[in-house]
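Here come two complexes built around chain A, the first alongside chain B, the second alongside chain C.
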Partner chain A sequence: MAAKTIGLDQGDKAEARVFLAGLCVFLALMLGFPTLANLWYSFSDVSFQNLASTDFVGLRHYADAVANPRMWTALGFSVRFALLTTAIEVGIGLVLVFVLHPLLTKRPWLTGILMLPMMVSPALMGVMYRLILNEFTGLVPGYLELVGISMNFLGRANVYATLVAIEVLQWTPFAFLILLTARQGVAYELEEAAAVDGATGLRLFLHVILPIMLPAIAIVAFIRFIDGFRVFDHIFVLTGGGPGTQTTSISIHIYKLFFVQNRLGEAVALSVMLLVAALALLYFGLKLVVRRTAR
Partner chain B sequence: MKRSGILAACAAIVGGVLTATSAFADITILAWPGGPAETALRKVVDSYNDTVGKEAGSKANLLYFSRDNFFDKMLSDSAAGSKEFDVMLTATYNIGKYAPFMTPIDELATDAVKTTFPKAALDSQSYEGHLYGIPTDLSLHFLYYRKDLIDQLLSDDAWKAKYREISEENLGTAMDPKAPADWTWDDYIATALFFTKSINPDSPVRYGTVLQLKNLLFNIMVWQGTVQSYGGDWRDADGNITVNSDAYRKGLEIYKKLVDLEATPGDSNSYEYAEANGAFGTGQVAFMVQWSAAYAELIDPKQYPAVEGKFDITHEPAGPEGPKTHFHSLGLGLSKNSDKQDEAKKFLAYLASEPAITMYAREGGQPPLNEDLIKQVSAGRPDILAQGEQAAKYGMVMNGGTSAQALDIYTVMAENFTGYWNDALDIDTAIGNVETAMKKAFGKE
Partner chain C sequence: MIVSRANRLAKATTALRWAVFVLVALVLNFPILATVLTSFKTMADINTSPPPLIFWPTLENYVEVLFAGNADFPRYLFNSVVMASGGAVIAILLAFPAAYAMVRYDVGKSWLLPIITNLRALPLIIYAIPIYLMFQFAGLLDTRFGLALIAAVINVPVALVLFVGFIQDIPDELDAAAKIDGAGKWGILRHVIFPLSRPILFAVAILSFIYAWNEFIFGLILTTRQAVPVTVGATFFVTTYGVKWGATAAAMTLGIIPPLVLGLFAYPYIGKSMLTGALKG
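Let's turn to the complex of A and B:
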């Protein structure tokens, strides 16, 4: 019955196809062509010298990518970095939503100010922190020194924590925004009914609001995980992936394979494998969210 | 009559167009952005456009990418067959990589050009026997040191006694301070420790030196003067990989000691050229090994008032083989993708001429010129004199340093050696990884 209500008749379907055709052509050109080209390159002996005339080499680049120990180190870094930053961003985002929700209901314009960090390009953010955290010229070490604290934020002992903190500072507003929208979507009547039944404070949050927000939490965690996993800009600007390979993410590893080591095939093959992994994760993630929402 | 008039007009227009297309076209030069090099090249290009270019009907225009990942962008454009630029940047360490996208310019190496530039300079822009670029800027490393501090160290008895005490405690020998031009690497370490506040609380500066330890290939070039001074090289005469050697171990250990004893800032692992200049320029570092290009920046009192008139330069410290320095040149060459080969060659020929390249030097550039020309242009530029002298006496290019694999090797070294300096790897693993990568790159597996 519900399907009938939202279904389209033949005329509407034809119209929908016409309207969608432009988007499909655009996507085919802008995404489809590069994807197919990359797919071919991952199976060919591509280099900067022969981009237009490559030969098929089978699965060689895929085998090289998997056999490269540096790939596993970079993958490990990316997974750890993504898990940690996602957990912190979603956690802080949730806390902020519950603390600031009443205030932002009355003064919604404040949300714009809280969004500012994510408006800055990550590479620029890296450059900014390169200046701000510098031991000699940086504001933060300068002020800390005034109160007798000497700290090297980018020193070998603190570099990982600093990179995580920068990522969290920049992207917590994104998690906050999505979660705030989900919180605002919780019907007031529902909260009122729960309150009448005696659920207030933490119980109201745990048993009423949080379950309703779970799909939004899952989506924001998924998006932040993917973003954290492919982190590149600010790490590259701040540490270049070092010291050693201590902060080399999978994106930095691919970049170096491609541009510095001229191992284009291996870099593209690795990108294809990661794309497939991301699509699989997306498929199962969405399936989970849709199933929960349908319930 | 009217009809023949129209036909005549059409013929004139067509003729005009044909004449215009047969004349020289304008060209675009992709060059290194910012600093004295950009200022100097703009002057030379203006001069070309007013003289030779004007006569030929060709105007040269400049195009600048940002410095960040400059070579990656140029590589992508070249590989894609871009015609956006006709003249492109060249560098000693990546000529082999870019050679497939460039046209050799051997015919521009005339007798006059060979007189203007030393042979080593032209060689540094050559690959497999062909000239690919006109050298415009020489890059090597100086030891920048605070004259005021070193003068006091050499004359103050209390400081000398403390110096002996610190060197004995940390290096096992009571050493006497020396003038920087006489330093060995042990003197470098001992003096760095003496001027480090955490070791000598009476030091007037916070750190003895500043090392550039970011995982960046250019930082390996700064460091490898240590290895060269101990007789180290990438390969021997037969092409065998020689990084697993005492010279490499010694070079790595010099930096490791300075890091472990905190004689360099704690966040040096994120430092490159700009950060090192910043640290030295605040007046909180006693000396550093840095690119020669930094001289023009550090003498600017507006940028670095704390060291105004207080520093001097000399060569890098010596090992058993004497002082050594990595050196390379930047230059301008001809893009193979360009449709304007003749026009581009005309500009490059002008650039290689004595009047143009000496103008480039006078305007702040650092071209490698022969001795007489250097003397002509060196008024107020002690760095350019020192450069010429040091390149000739101490300059060294690693065996394989201009090959197509050079950048890859520097990258692997940066990854592994910065890992060692920061305790992520032990010395044997770091050297072993580099050796394996080099054997693979040079087909010596």
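Let's turn to the complex of A and C:
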């Protein structure tokens, strides 16, 4: 590594920066500029009629965003949804690693079958569940009726559980895949040594293997939490955030503010706050993960 | 005696593992299986309760979705193909030279790489509004090119991290040899790094295609008619076709097949790529 950089003089480096230019310009246009626009709009008297407004309104949009009780409902929904789905996905993922690891290590291609749900667009997954769970012609209610159970999966009482279940069924494969990779990285000598000491089966897994897998678990939980928190697609397709605001996540809330309620300033202010929160979470989350991963 | 008992226990455990595997595979893939099956059912079979497990398959739903006079669905498919391939090409063209410069000349690796890899973790909705306004201004709303640009933004982090990881593993003696032969930086990139990077280029192209194909929020916000992608077009089905579940199922099936088939090729890379948001920061 050191040898590689020693041979580089400043001219070389300057010349090499050209290779970064395209990427930098592209990102500045597609993300840098929108970030600045977000900031600008969030402090100015902006509306669809007056997009280039230069009237400064201070923190009014931020105050509006925070004072809106629906924002807090949506934030609460997103946090609860993310925590719940993350916990279930990591839990089931670990159980599956424990049970299926020997099988899949001998036949790696089987893993591909379990990965299929991950390849499907969450939005299309939502539409597919709409088909399957439909009260009149859906497969699941159809068969449940056979055994005398009648259930409206998307009704007020069950919709939350249904949405959580759909997220879990689609993304447990992700947790499983990462955890399986971590499990396969555990040195075989270590398992043998532990087995000699009398630790087998579940005890081996809980006391020897699980501690080694902790960094991977932390990373999976972190990624799944972020993805759960920003959930949009399948909920939007299935319920549009309803009934009422019962299933409105923070992403859906911002979408509605802008595209349905025409509250541009408030939506933009909330976007900025969400960006800051996400960056803070990333910063601290990564510090934690990196510290745990670094041996 | 003891040996055979242990043997039987091992066999029972293996059988149990298989049972769990089959059950989990069925439950996880149930919506996919059910939708594909429904897409081959006639209207009468779909409306039969309880749903029949065995039925005479029909292609009428596919004919309706693809060939009916007023069918918009072929256009949605076409839009998604253009957007996803365009996005993949743009992302690769931008990220590949950048990764080369970062690894070999140590520029931007300390500040640009962490910024870009963390992008994947941001809620996309944050950028929805300014990009909508920007596209409106630039006349990119409801265009396939506009969507391809978005797809590229979404795919740049994954592409960059996978490229950086891969190029790091190419021995730099090869660069040195090419340099002695008089090759400049572009020459090394084109004649040394590029040919050796074919496998990762292939993987990134597939992954980018899948991610872009499955994208929903920006398709929803930025398109209205001409450039509508499959993910968004499929939601129109539920409302406009009303109770035509067979046609909806056929549309769904067509919409999920490309990423499923590509995913089977690329799944070893997928876990790795999905970790990018957290690992390399």
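In this section, the second predicted complex is superposed on the first by the 260 of 295 C-alpha atoms of A that agree within 3 Å, B and C clash if a C-alpha of one lies under 4 Å from a C-alpha of the other, contacts with A are read in each partner's own complex, and residues count from 1 in each chain.
The criterion applied here is as follows: a residue touches a chain if its C-beta (ideal position, glycine included) is under 8 Å from a C-beta of that chain, and two chains touch if they have at least 3 such contacts.
From a predicted model like this one, the values you see are computed outputs, not experimental measurements.
Within the superposed three-chain model, A:Ala74 lies out of touch with both chain B and chain C [touch as defined at top].
Touching more residues of chain A than its counterpart among chain B and chain C is C. Legend: residue contacts after superposition of the two complexes on their common chain; A:Ile88 is shown touching neither chain B nor chain C.
With both structures placed on the common chain, the touch criterion links A:Leu103 to chain C but leaves chain B unconnected.
Legend: residue contacts after superposition of the two complexes on their common chain; A:Glu135 is shown touching chain B, with no touch to chain C.
Legend: residue contacts after superposition of the two complexes on their common chain; A:Gly244 is shown touching chain B, with no touch to chain C.
When the two structures are aligned on the shared chain, A:Val260 is found in touch with chain B, with no touch to chain C. Contact with chain B, but none with chain C, is seen for A:Asn152 once the two complexes are overlaid on the shared chain. Looking at the shared chain after the overlay, A:Arg17 reaches chain C, while chain B stays out of its contact range.
Judged by the document's definition of touching, chain A residues 51, 130, 134, 137, 259 lie at the interface with chain B and also at the interface with chain C.
Residues of chain C that touch chain A in their complex: 14, 16-18, 20-21, 24-25, 27-32, 34-35, 38, 46-47, 49-51, 90, 93-95, 97-98, 100-102, 104-108, 112, 116, 118-119, 121-134, 149-150, 152-153, 156, 160, 172, 185, 189, 210, 213-217, 220-221, 230-232, 234-235, 237-238, 243, 245, 248-249, 252, 255-256, 259-260, 262-264, 267, 270-271, 274-275, 277-279, 281.
Touching chain A in their complex are the following residues of chain B: 69, 72, 75-76, 78-80, 97, 100-101, 213-217, 265-267, 269-270, 275, 278-279, 282, 284, 404, 407-408, 411, 414-416, 418-425.
Interface residues of chain A, counted against chain B in their complex, comprise 48-49, 51, 70, 130, 133-137, 152-156, 159, 238-246, 248, 256, 259-262. Listing the residues of chain A that touch chain C in their complex gives 4-5, 8, 12-13, 15-20, 22-24, 26-27, 30-31, 33-35, 37-38, 41, 51, 96, 99-100, 102-103, 110-125, 127-132, 134, 137, 139, 142-143, 145-146, 169, 172-174, 177-178, 181, 219, 222-223, 226, 229-230, 232-233, 236-237, 250-251, 254-255, 258-259, 264, 267-268, 271-272, 274-275, 278-279, 282, 285-286, 289-290.
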